[in-house]
Amino acid sequence: MPASPSLPPRPEPGRLPFAAPADLAERLAATRAATLRLIAPLSEEDCQVQSMDDASPAKWHLAHTTWLFETFVLEAFEPGFMPFDADYRMLFNSYYHAIGPQHARPRRGLVTRPSLREVLRYRADVDARVLRLLERSDGPPQLRQLVWLGVQHEQQHQELLLTDILHLLSCHPCPAQAVYAPDAPQPALADPALRADLAFEGGLVRIGHAGDGFAFDNESPVHKVWLEPFVLRNQLVSETEWLEFVLDGGYRQVRWWLSAGWDWVQRLGIAAPAYWRQRKDGAWVRFSLRGEVPLSDQAPVVHISLYEAAAYSAWLAHRTGASWRLPTEAEWEHAVLARPDALQQVDDAAWQWTQSAYLPYPGFRPWDGPVQEYNGKFMAEQMVLRGGSCATPAGHARVSYRNFFPAGARWQFSGLRLAR
Amino acid sequence: MPASPSLPPRPEPGRLPFAAPADLAERLAATRAATLRLIAPLSEEDCQVQSMDDASPAKWHLAHTTWLFETFVLEAFEPGFMPFDADYRMLFNSYYHAIGPQHARPRRGLVTRPSLREVLRYRADVDARVLRLLERSDGPPQLRQLVWLGVQHEQQHQELLLTDILHLLSCHPCPAQAVYAPDAPQPALADPALRADLAFEGGLVRIGHAGDGFAFDNESPVHKVWLEPFVLRNQLVSETEWLEFVLDGGYRQVRWWLSAGWDWVQRLGIAAPAYWRQRKDGAWVRFSLRGEVPLSDQAPVVHISLYEAAAYSAWLAHRTGASWRLPTEAEWEHAVLARPDALQQVDDAAWQWTQSAYLPYPGFRPWDGPVQEYNGKFMAEQMVLRGGSCATPAGHARVSYRNFFPAGARWQFSGLRLAR
Amino acid sequence: MPASPSLPPRPEPGRLPFAAPADLAERLAATRAATLRLIAPLSEEDCQVQSMDDASPAKWHLAHTTWLFETFVLEAFEPGFMPFDADYRMLFNSYYHAIGPQHARPRRGLVTRPSLREVLRYRADVDARVLRLLERSDGPPQLRQLVWLGVQHEQQHQELLLTDILHLLSCHPCPAQAVYAPDAPQPALADPALRADLAFEGGLVRIGHAGDGFAFDNESPVHKVWLEPFVLRNQLVSETEWLEFVLDGGYRQVRWWLSAGWDWVQRLGIAAPAYWRQRKDGAWVRFSLRGEVPLSDQAPVVHISLYEAAAYSAWLAHRTGASWRLPTEAEWEHAVLARPDALQQVDDAAWQWTQSAYLPYPGFRPWDGPVQEYNGKFMAEQMVLRGGSCATPAGHARVSYRNFFPAGARWQFSGLRLAR
Amino acid sequence: MPASPSLPPRPEPGRLPFAAPADLAERLAATRAATLRLIAPLSEEDCQVQSMDDASPAKWHLAHTTWLFETFVLEAFEPGFMPFDADYRMLFNSYYHAIGPQHARPRRGLVTRPSLREVLRYRADVDARVLRLLERSDGPPQLRQLVWLGVQHEQQHQELLLTDILHLLSCHPCPAQAVYAPDAPQPALADPALRADLAFEGGLVRIGHAGDGFAFDNESPVHKVWLEPFVLRNQLVSETEWLEFVLDGGYRQVRWWLSAGWDWVQRLGIAAPAYWRQRKDGAWVRFSLRGEVPLSDQAPVVHISLYEAAAYSAWLAHRTGASWRLPTEAEWEHAVLARPDALQQVDDAAWQWTQSAYLPYPGFRPWDGPVQEYNGKFMAEQMVLRGGSCATPAGHARVSYRNFFPAGARWQFSGLRLAR
């Protein structure tokens, strides 16, 4: 049965280099259910508001992840496909020009209709239809690949939903009114007594993703990189260590800062990591998804920009006489592959800034089809972060995973693992 | 029973020059109920969002009007006053520096907590307490005066709530999804066959409010103004008349525009009144609280800036050879007093821009007490509008009423009554 | 001999309501020479730079005033007119859309060619040609009227040239390097011992310009205004008086300020009049055309905005219990007509802010012809200043003269005469 | 003889890793004279104006290059050093926080004093004093090293002076009035008939500067990089080739652009390389230092951003089916070392964008002393360009030279050498 003539042409899925798991339907259902658990503590109002251009409303995350299944899976494979609501094709398209026009990103928070309730209906409808498709045996392999991609994509948005909500709640002038949940995820702790530096020999190493397990296109191809010997800290820099930098005047001394970083500090009046505040009683606290919590030497510093990471490294290098710096992404990946057990807080505490710009690997080719726009077009003016955070869904990250943000971004769970 | 020592000192109410009506409690209850009817068609999401710095969320209007009763009435007069929520004193203070700090206006939309439901509880609680106070016989006269002021204030916000919601809904990329209500207020119509010009002799006339009925401080004192003879149109300029200006290229010809108006047109790409759109089939429509409606020669043009009003007048003057212009506010007030039955669409269609700047009357004195900040401090860089609109609650406006907005504001129901 | 066919059509001069003086040629020559004396202390560099959007380079003033003679006089009346340089028609047109396109105002400082030397050649050429035209006896009256207008216009730009240069020099980080001239104009002083308040009865008075002496169109027509009794200070507020306001924290207390004024203070970090600075030794100085000079009780405060004038008045009213405020322009004009000898510092110290918006007088009609754009189109969002300043050429101002600037402008010699 | 006690402490020069040439004094004199030749066609006005924040006035270049000799050479080594003018230490400091405060970069054009004439006196005075120092035999090696660094620095500013002047002149609304010089440098041409692609095998190659010849710190240390096989075009993309991209709608099709590039195109309304214009007769021209010149297939496209370079490559890859892209800086450097004669337009046409971010080489250490700020602190958010341009002084560039600009910069002579 052909699609209605007034519909746009079906997106052609293209070939994808990974295989979907056997228990795909269960994985799909579990991931979709996990998203709903994330918004359980939130009101309609909490889910509606967009607190800055870079963030999206929780409601939008709920709808956009559904849109991806509807557009890339149902529209491409469902016989007699009819959209849940024709307006959604534009309203919840993030940035896929090949699919069609998009609602402007900074105006996502103005879309009060559909309501949260209606978006939840949309989710249920699409879920049921995708599961029905998966139950049939005669689909092409791309169908299952795209569903699997949709699951990975939803997991990415689970993390963004949490960091965007944290940003929104942090805008409330009364922190006590703005708690997300008392048992919300917090960065994994580490024992300061076990802090240590690990040495690596380097040489000609292999970096990047291989095999037919899922990975994003930006993790490929596997390629060789020459590494000089280097040292990596086994833990992330802690909040207490960072406080010393603050108290030493680190944010007021130009000498530690990259030029663009100093401009950023001056322009925005930055004086500490995001969400840090000194109480009237002198104590420093961090606003978190659990509300304000005291700083700790076991907790990694989070919500720092690359500029701050670089400034801290320069300050520490000056104090210690050792050439502390950020690792490159190749150093990071090689270290994790080489000493998987020696490194702590790899993917459960904070994403770790690297000194590598987000650029294509040698021989990089984007995926085929409309998902071509997924990663490649963002390879400019961003820096790579590696690892994973307390907000990353379990099982989502990989050693070859490349996260990326502009050097001034701070609303993610971003931290620092020192190298020299 | 004294207030708790940790509370700020009670605001001193000061003396006010108007009397409250005998049926004050009924008026209060009716006005508060009318506000709730306005939000009946809206979801929690609709009530949360702030679509521009100049507008406020509907939820904020609900809370702020309540705050005024709580702060100026309960806190001043209720024995043993305890705030409903101590945070609200700052959260819902609009601009009263004498009361204390305020949450920044452009960030009102970020306050997702309290929720709409909680704000409705706040309203009910304060209503009950104010009514209880009014039932006692021993209150000072200021108590009743301030309640009466609170009613007038709430009526002002009823109009703003509608114009702010209209602005929010107009931001939705799909107009059909953004209807407020099919029976929402629309500007009063007029019969084009009855259009006429009325002549007035002028002379030394009296302007301003007298007596002890309610009026804002900016309407006083009564004073003399010398008027030359003038002519006023009995109806407002219609949408069809305005369309002729649009189609004649009026928005592209610098000669009709004030210099600041032309800058405004160029900078913002203005080409028609706010909320006007030409459909693909060529027809022009206006987005309204009822959704998109066709233009009409019976309906007044609304949502125009003073710049547009002045440009239209200059264009019409050129075409007709008559010196059409905006009226002064003294001409307008004198005309309504002199020929109350001859003028149509006075206060039920659109506020009418005047060519008078919003400045103090000779001998003006602001009210005493914290309400001193109500009007006087805004007497700079705004223009006076007279009359009333379809969104103005019945009984709220007066012939001496002075509304005021910057010359470029368009989201109110603002129109044009021609003078020469 | 006809103009070349490729030239645009000659501007039609229109009818003007004033007469030129008998010694017009002498007046022209003297005024043009006076302009050259103003730039004598300046280098090519000083004459080139535009220090803010509101200001113009001195070189531009030299060229634009010449352009007005070339365009409105030579092009309209000179047989066989050929432009000095065809590009200048656009380059030095300020804002006359009827004449043709203009170079964007904020980009005037980017025009390094023609050089100052070439602009001086342009001046000499146009001067000679205009004088030649004036020597003939057969010109129409408009020719002489437009030359006379050109002289008045040049005098206006003489004042602007000085205030624009003062602003540029004030941007230099080393004040001692940025002196204009040791004998530059300074505001007229007044003896504090003679400070006094003058009472006026008001009533129905006449305001505006009459007769066929020169006046701008915005000063007409003469019209009646009703004035209540009022009091005017015979001198301007002095620097020492103003310093008391500064030291009393006047710029940090919101209660004295108009709402828009407080926004302005906060946004720009205003803490004193423009060009004031507290030296490291604690002394306050004002940067002037003569360099930094100490404050004085004989010198009027200058370089204040309307916001500051209004805040000072409110502060003083609070301290004295008298209702000090700014005068209206009608009060000001009537007072000067009524008591010409009792008022000091009328037109030789600082322009005096009024509380009147710059709006058309009743029955106002702009001049005919291209000079129609001279004044009328600026009648929005500006406030009237009356009197004259130390930078106003002798003989230029009149009692009916209406100067106008936005409420936040400070780079003119603007001061305050108190009223109540 | 000690420096005067009121002077700041002498900058400590630190150790530098390069040797000065034997004919240092001649090199210095020749370079300083070459700078003066560059401004010979310019007026005082041309030398004064700053046309955008990123550019500097020619007069500032003249003074700042002199300041570097005065501060880093004379102040450090001249017995009894007295500054030419104490204010210059701040006025002409570009970005050396270790030296002291700086005049804000975007305000350089406001400094009309000293005049050009005075700056030329400053140059002559410092030149004479430096040469006198060089004549003595007993100076430390750092003295000669810093003079040699000053020469290199002056050469960098010679190129900037030309590109900044080109930008200023391009702002003139009448291009014919804005010619720099009829014999000004133009990008080297190439014969389209000789266009060819060169293949390289890659492998583990050495990159970076070695030896004691002059190089900037950012070119060190030499290090190994693994390269996959790659192909490089022997010529730069020509203007005619680029015009095809323009005419094919390349600037209007989102599919070719990086996401940040598309934002940039939309925000700034970019539709062609900088300084390109389509004449009314349909012909395309480029505004150059010689005025407007027609496009050519022999001339390289210049004044393109990295965004444009990347978009052109994507467009070409799509048309040809070959994976055209920008080279990495390691590929570029290796190719020039490997096939020095096969590559054309290496350093005499246009700087060539690479796909490498400007980041530290492994083991990078900034120079010692105040020149530590020379390069390292800019290693964020910039992209590397390699080669040299027609505006680069002869002998200045090297194969290891790393130029760097933000991805959106276009006012340099920046072009594209294709790789795949």
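Per-chain residue numbering starts at 1, and chain names A, B, C and D are given in the order in which the chains are listed.
As a convention for this text, a contact is a pair of C-beta atoms (placed from the backbone, for glycine too) under 8 Å apart; a residue touches a chain by one contact, two chains touch by 3 or more.
Computed from a prediction, not measured in an experiment: that's the story for all the values here.
A.B. asks: Trace the shortest chain of touching neighbours from chain B to chain D and give its length in steps.
C.D. replies: 2
A.B. asks: Suppose each chain is reduced to the average of its Cα coordinates; what separation in Å results between chain C and chain D?
C.D. replies: 45
A.B. asks: Where the centres are mean C-alpha positions, what is the separation of chain B from chain C, in Å?
C.D. replies: Centre separation, chain B to chain C: 37 Å.
A.B. asks: Quick one: chain A and chain C, Cα centre-to-centre, how many Å?
C.D. replies: So the centroids are 58 Å from each other.
A.B. asks: I need the residues of chain C touching at least two other chains; which ones are they?
C.D. replies: none
A.B. asks: In graph terms, nodes being chains and edges touches, is this line, ring, star, complete or other?
C.D. replies: If you draw each chain as a dot and join those that touch, you get a single closed ring.
A.B. asks: Going by the touch definition at the top, which pairs of chains touch each other?
C.D. replies: Pairwise, the chains that meet the contact rule are A-B, A-D, B-C, C-D.
A.B. asks: Within their complex, state which residues of chain D touch chain A.
C.D. replies: My answer: residues 95, 97-98, 204, 223-228, 254-255, 257-261, 306-307, 310, 323, 325, 328, 355-357, 359-360, 362-363, 365, 377-381, 407.
A.B. asks: Within the complex, which stretch of chain A touches chain B?
C.D. replies: Its residues touching chain B are 43-49, 51, 59, 87, 90-91, 103, 107, 109-116, 168, 171-174, 177-178.
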